[in-house]
Amino acid sequence: MNSKEAAEKIREMFPEEVREIREYNSQTSVIVKRDRIKDIIRYLHSDPLLNFDLLKDLCGVDYSGKKETRFEVVYHLYSLEYRSLLRIRAEVPEDDCSIDSVVDIFAGANWPERECYDLLGVVFKGHPDLRRILLPEDWEGHPLRKDYPLQSDLGEKEWKGYLDVIELAKKNMEFETK
Amino acid sequence: MTPKMFFIYFAVAMTFMSVMVITRRNPVHSALWMIGLFFHIAAMYLFLNAEFLAAVQIILYAGAIMVLFLFVIMMLNIREEVVAERFIGEWPIGVALGIAIMSMIIYAISKLEPGPSGEYTIEAVQKITHTKAIGSILYTQYIFPFEIASLVLLIAVVGAIVLAKKR
Amino acid sequence: MGLRKIINKVLMLEILKGMALTFKALFRRPVTRQYPKYKREPFGGFRGLHALTRRPDGDATCVGCGLCAAICPSKCIKVRTTTGPDHKKIVKQYEVEVLRCLYCGLCVEACPYKAVVLTDIYEYSGFTREEFLMTKDKLLANWDRFAESRKKSYFARFWRPLLSDFKGSAEQAALKDLSKAQRHKDIYIEAGR
Amino acid sequence: MPEQKGKLRKKELTINMGPQHPATHGVLRLELDIDGETVVKCTPHVGYLHRGTEKLGENRTYLAALPLTDRLDYISSMANNVGYCLAVERLFGIEAPERAKFIRTMASEMARISSHLLWLGTHALDIGAMTVFLYAFKEREWILDLFEMLTGARLTVTYPRIGGVRNDVSEEFLSSLYKFTDEFPKNIEEYETLIDQNRIWLQRTKNIGIITAEEAVNWGLTGPMLRGSGVDYDLRKYCPYDAYDKVDFDVPLGKNGDTYDRYRCRMEEMRQSARIIRQCIEKLPEGPVMTPDAPKFTLPPKERILKDMEAMIQHFVLVIKGPVTAPDGEIYSAIEAPKGELGFYFISNGTGKPYRMRLRSPSFIHASVLPLLCEGALVADVIANIGTIDIVLGECDR
Amino acid sequence: MVPLSWYIGLSAVLFGIGVIGFLVRRNVLIMLMSIELMLNSVNVSLIAFSHYLQDLRGQVLVFFIITVAAAEAAIGLAILVSLVRNKSAALHTDEITEMKG
Amino acid sequence: MNRQSEDCVIEIEEGIKVIPGAGAVIAGIDKIANWGRISSMWPAVFGTACCAIEMMTAGSSHYDLDRFGIIFRASPRQADVMIISGTVTKKMAPVMRRVYDQMAEPRYVIAMGSCACTGNVYNTYSTAQGCDNFLPVDVYIPGCPPRPEAFIDGLIKLQEKIKNEHLRWSRWR
Amino acid sequence: MIESVISSVGINGFAGSMIALLVKIAIVFGVVMLHVAYATYFERKVIGHIQLRLGPMTVGPHGILQPIADGIKSFFKEDIIPAGADKTVFKIAPVIPVFSALGCLAVVPFFDGFVLANINIGLLYIFAMSSLSAYGIVMAGWSSNSKYSFLGGLRSTAQVISYEVALGLSLVGVMIMSESLNLTQIVEAQQKYWHGMFIIPQFLGAFVFMIAAFAETNRAPFDLPEAESELVAGFFVEYSGMRFALFYMAEYIGMLVMSAISVLCFVGGWTLPPFVLEAFPSLAAVPGIVWFMLKIYFHVFVYYWIRSTLPRFRYDHLMCLGWKVLIPLALLNIVITALVKYFC
């Protein structure tokens, strides 16, 4: 079943969840509400007619100021049998920044979800081990949000561990030159 | 005079080392002192013209048994474990007992009467080499105990494997 | 398991084969290029140290349009211009922070005047960070160094895209008929003043 | 001493492998809880090379973000470049000319060979066969020379452009590459003599790190990791891009999904790559290497800039602001990089810079499967497993 | 020439120290080592006897003692290992209470 | 960290102050020590990114760092030169400093590639702008990544630097 | 030879023999140290050429001064004792392997009559000494307070214990055939046969011995205790400067000793096989030390050759090989040799 039909199938199954079906450059994306995302993904995964068995990618997008719901979690699902790609975009509002985890359906979603939490601050409910992954544990802020600065010099927000190292280096260099 | 000097050195060193063995807090240190002790014992065997046994002493005790000890110590990772109390609470009793046994034996020495001498004089042993001498007696007169000893070892090995095997 | 496999296993033939290979290699010619003794020239168009080309009158070709600074992904080029007496742009400052450069060559592509180039000099490590801040004079000196040391043309094939790349296949076929020397003519420019 | 009992010996010893460790291929850090020699728990830590590429990409124009992709999977940067350019081209709705497609195919297969050679070398070195490492690097040097001849850089090539490639290939390059494809299969045999049937190598790789086909799909593995488990999924074959539909090649598949099968897969892939390169050279069509009919997205030819006012304005706008006429849309485009499926997800909002640039890196997913492979194995197998998943931390951490 | 009694005296001292070590230490490992110490002291006296009496039977006995010592060390350590494996901590004699009803 | 000073060398240094005309001896020992150092620089590899690959290539058959007596040591304790090749992130910085602190004196640092020198294009939240913020860098090698030849050139520069050093042959730290 | 020189000067008796012994020790020590230095050079050159590179080139002509430079550098290097290490043990540890390896050399006859101590239990003595080198490794691994070195020490202990057995058993065949434990007599016993070397009747023993010797000296493919890709540098990961150099030295002396035993027990030591001598009588004029050194260097070359060819074993496979293959093979060898000896 190709992706367009799959999108229609989802609209059939979850009529109040699907907000919009978009198509660009022959790729179909389904924009859904986040509440039943796990059911949708499970349906896509387990239905033998759809059989989207490969989670290619999971990522978050920050639509700060562009849309009413700030975040979106994007799932790229692929069916090895029918060779079709479907994009599911789940909207996540800023005030309750959380969504159900799909780790128990796709084991491979583990790290991408952690990454999404790390960089965007979206909390995945039911994730077995939701820690920061790319940045140190005690890092402040979520860098991929649009209001986070790009620059290397973070000023007050600078990670403590790095400041400590510079401090230590200064001390040691004094000691060494003596 | 010189042999006596050597003996005194060995005696003092061995006593010191054995005391170190039983008093060290860290079992690894104990084991290392023990190895030193075994070396001295082996050297003493050389003095007593038992060179084959000296080599066996080092190969077996220092080379195998103590390595086994160290291996077990390391495998169990006993490094962190430095418990406050080294000795049992009733240690004076133990020391008294030990000293009693010691003095008893030393007292018995004075009553010692050496039996008749055998045919293996130092010269005879040196002539056919110690290895050959001990081998010839071991494999003729003592062949049965020797086989039993090998059986003991076999059983010990099997037992050790069964005991230490992970379930 | 066949007999052959057993023989293989017992005699360790596969290990012996491997050992024979390494033993033969012992007598092969080593492929090492002994660098400081023998220096290999990089292939034409290697992206190395930056330089500013000179006009025939000796001054820098650069007019200070700032396109290189605009496209530079790491923002390591600084261009400041002032207006001269006859309303002509004067390049007051042209700095490349070489240590920050990622040698992508996009500046060369962006420059309309072929003013900034990446020469194939690569031996320029140093002890301090300051010596890598290339001012305009240093960059011009780099060009001189390159021109002196190479005695050959700067390989400009990488100032892309060239017009010929947009030609249709018929035109390109015609281009192919030209002799090799002629073909390369338009892609070398003369080094030197 | 009841209170002391608790803190007496923990049965497991925790060792930290990395980030500075010779076998972790850069800066992967593994926290291993070991009991004797058996790994009880394995926790990978990544992020020691997180450089913020995605965020940086959102702040650069489409053209200026291209060099960033070089430094993702720095072993096969050409494949990343191709993937990036392909994704952007699909977003813009333009297409590269035929000749450029063949050159790209050729170049990405070269990148595959160089990447697999490095994998082979480091994998063998980790297992202890140091000579294979140096032999593999010997061939790799040839590839790097060819890259230098083609692009002017050895590793970070920045060669493909949106709408084609930067420059045409020279005859010299093509003949040298052809010679390479002639000799390369012989060299592969040389490596195989050293390790392929070697009993130590077999002991170290067979039945180590087994992933079944179901597990592999469920974990989202791609590339040789997936094919080693016997799942027939290769984007070059089933979703062809560039010139892959015009060349003939096989996709090697494994059976058991163990380290040895993946090793065989990659070795066979190298042979197939050499085959693809040969076909590309033989079939290389004439024509431009840069698409001429997309003036809003590609830089105009240099000769025209100073003569043609329109071209000049176009050049200035493209350099300073990027392709401002980019359509409003989103695209997910993936290629079969040497490590696996490298996906780019772009969201454009009509400015010259991508609104969101997301990289789906195979290494990131593959690194996450390490606990599955390592738990219950021996410490030495951890090394073999790190080698077999063939990760590059630059891509993993982005 | 060193008199025989000196050797026997030394052997007695070593044996006594071994006994003390066995009795007063809490650590099972060191207790095992004390046993080795005792066995060795006996070996010393045996070899000394053998040397002075010009008979090799003593040395043969030493051979068997070494065998027994090796067996004992292997079994003792194996017991220790299995004890530690099954319990979180059992290196001290006080803590080994497996046999307690 | 406890450092022992039982080597005879330090005795000479202390004693030599009172012996007149010992300058020649010091200079001689200096020369020998420096010669030893430049002839066997064992690097502690700290490969983090792209440059590490070129560093490995420099060790491979075509360039062969072994010609200069350079063997890569995995343990920082046995290494003389720390080659930082690749991007240094802030998360990595403490590890890097710790490895440097583990090295035995005399120790040198080579920053290889633009990333290690200044942070390169990655002027971002997570990247340290050059490892010289927290390490005393001796030689900078520009390039992204530098060719193996350029890397060897950097090593030769470091050798020149070591050649001119004085009195760095004790355990004075 | 040395004795006669000394007695001609006028020193006789105990003092004379002591001085002769000291001179001999000095010669052996010097030669061995030189060997150690140049064994590293030789290794780097051999492995370099196998890998199509050159090996040391710039330090001196063709890198000939390389080992000296390494030594000088190590000497002037700071010596670190890590915090939390057991200081005394940490300091003693590197000395033990060097001591034990050098101790072995005392009974090795280099050529006819040149041996420091011609004792009856030469082979046993060598076993005793070589088994001690494990202590250095164990102590280093344990005292460094580092998990990598600890693991390295643990592995090494297990490895040495298991392979010691195979090593000993593999030589029993030689002992049976030569009816002696004295190394000089073993060499002489080989001359009674036409082949002049025990490697031909004792090929099983020689095979087991070679493999066990690789394991005993921790050389590749059995270099698990110092496996670079797994344990960084294994048991000496925390050692720096001169102490590290001592470990290095011990490894190379160990290789020399193992090759020496192999040469003496299986390849006929300093002698040439009788059939070769019959064919080329002029070869008898060449001093025995030359053949001895050539044979040793061939063995050392095999060490390097194998190192550059084979991958590394895994810990459990290593144990399997030791206990399930080598020891039964060695036992089989003993049985066969004994039967042949008894019936023929």
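Labels A, B, C, D, E, F and G are assigned to the chains in the order they are written; within every chain, residues are numbered from 1.
Please note the rule applied: a contact is a pair of C-beta atoms (placed from the backbone, for glycine too) under 8 Å apart; a residue touches a chain by one contact, two chains touch by 3 or more.
Everything numeric in this text was worked out from a predicted model, so none of it was measured.
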{"item": "Topological distance between subunit B and subunit F, in contact steps", "value": "2"}
{"item": "Any chain that touches subunit G and subunit C", "value": "D, F"}
{"item": "Pair exhibiting more inter-chain C-beta contacts, C-D or B-G", "value": "C-D"}
{"item": "Chain centre separation (subunit D, subunit F; CA means) in Å", "value": "32"}
{"item": "Whole-Å gap separating subunit A and subunit D, where each centre is the average of the chain's CA atoms", "value": "23"}
{"item": "Computed distance of Cα centres, subunit E from subunit D, in Å", "value": "63"}
{"item": "For subunit F, residues contacting two or more additional chains", "value": "60-62, 64, 67, 74, 91, 119, 121-127, 144, 147, 173"}
{"item": "Per-residue multi-chain contacts in subunit A, two or more chains", "value": "134-136, 143, 148, 150"}
{"item": "Two or more partner chains touched - positions in subunit B", "value": "56, 64, 68, 75-76, 78, 81, 83"}
{"item": "Contact set on subunit C toward subunit G in their complex", "value": "15, 18-19, 21-23, 25-26, 28-32, 34"}
{"item": "Subunit D partner contacts - residues on subunit F that touch it in the complex", "value": "45-50, 52-54, 56-57, 60-62, 72, 74, 76, 86-87, 89, 91-92, 95-96, 99, 121-122, 124-127, 144-145, 147"}
{"item": "Subunit C to subunit F touching residues, read off their complex", "value": "30-36, 39-40, 42, 48, 73-75, 97-103, 122-129, 132"}
{"item": "Touching residues on subunit D, where the partner in the complex is subunit A", "value": "46-47, 50, 52, 54-56, 59, 90-91, 93, 215, 217-221, 231, 233, 238-239, 329-332, 334, 341, 343, 345, 347, 349, 356, 358, 360, 364-365, 367-369, 397-398"}
{"item": "Of all residues in subunit F, those that touch subunit C in their complex", "value": "61-64, 67, 114, 117-121, 123, 130, 132, 138-144, 146-150, 152-154, 156-157, 161"}
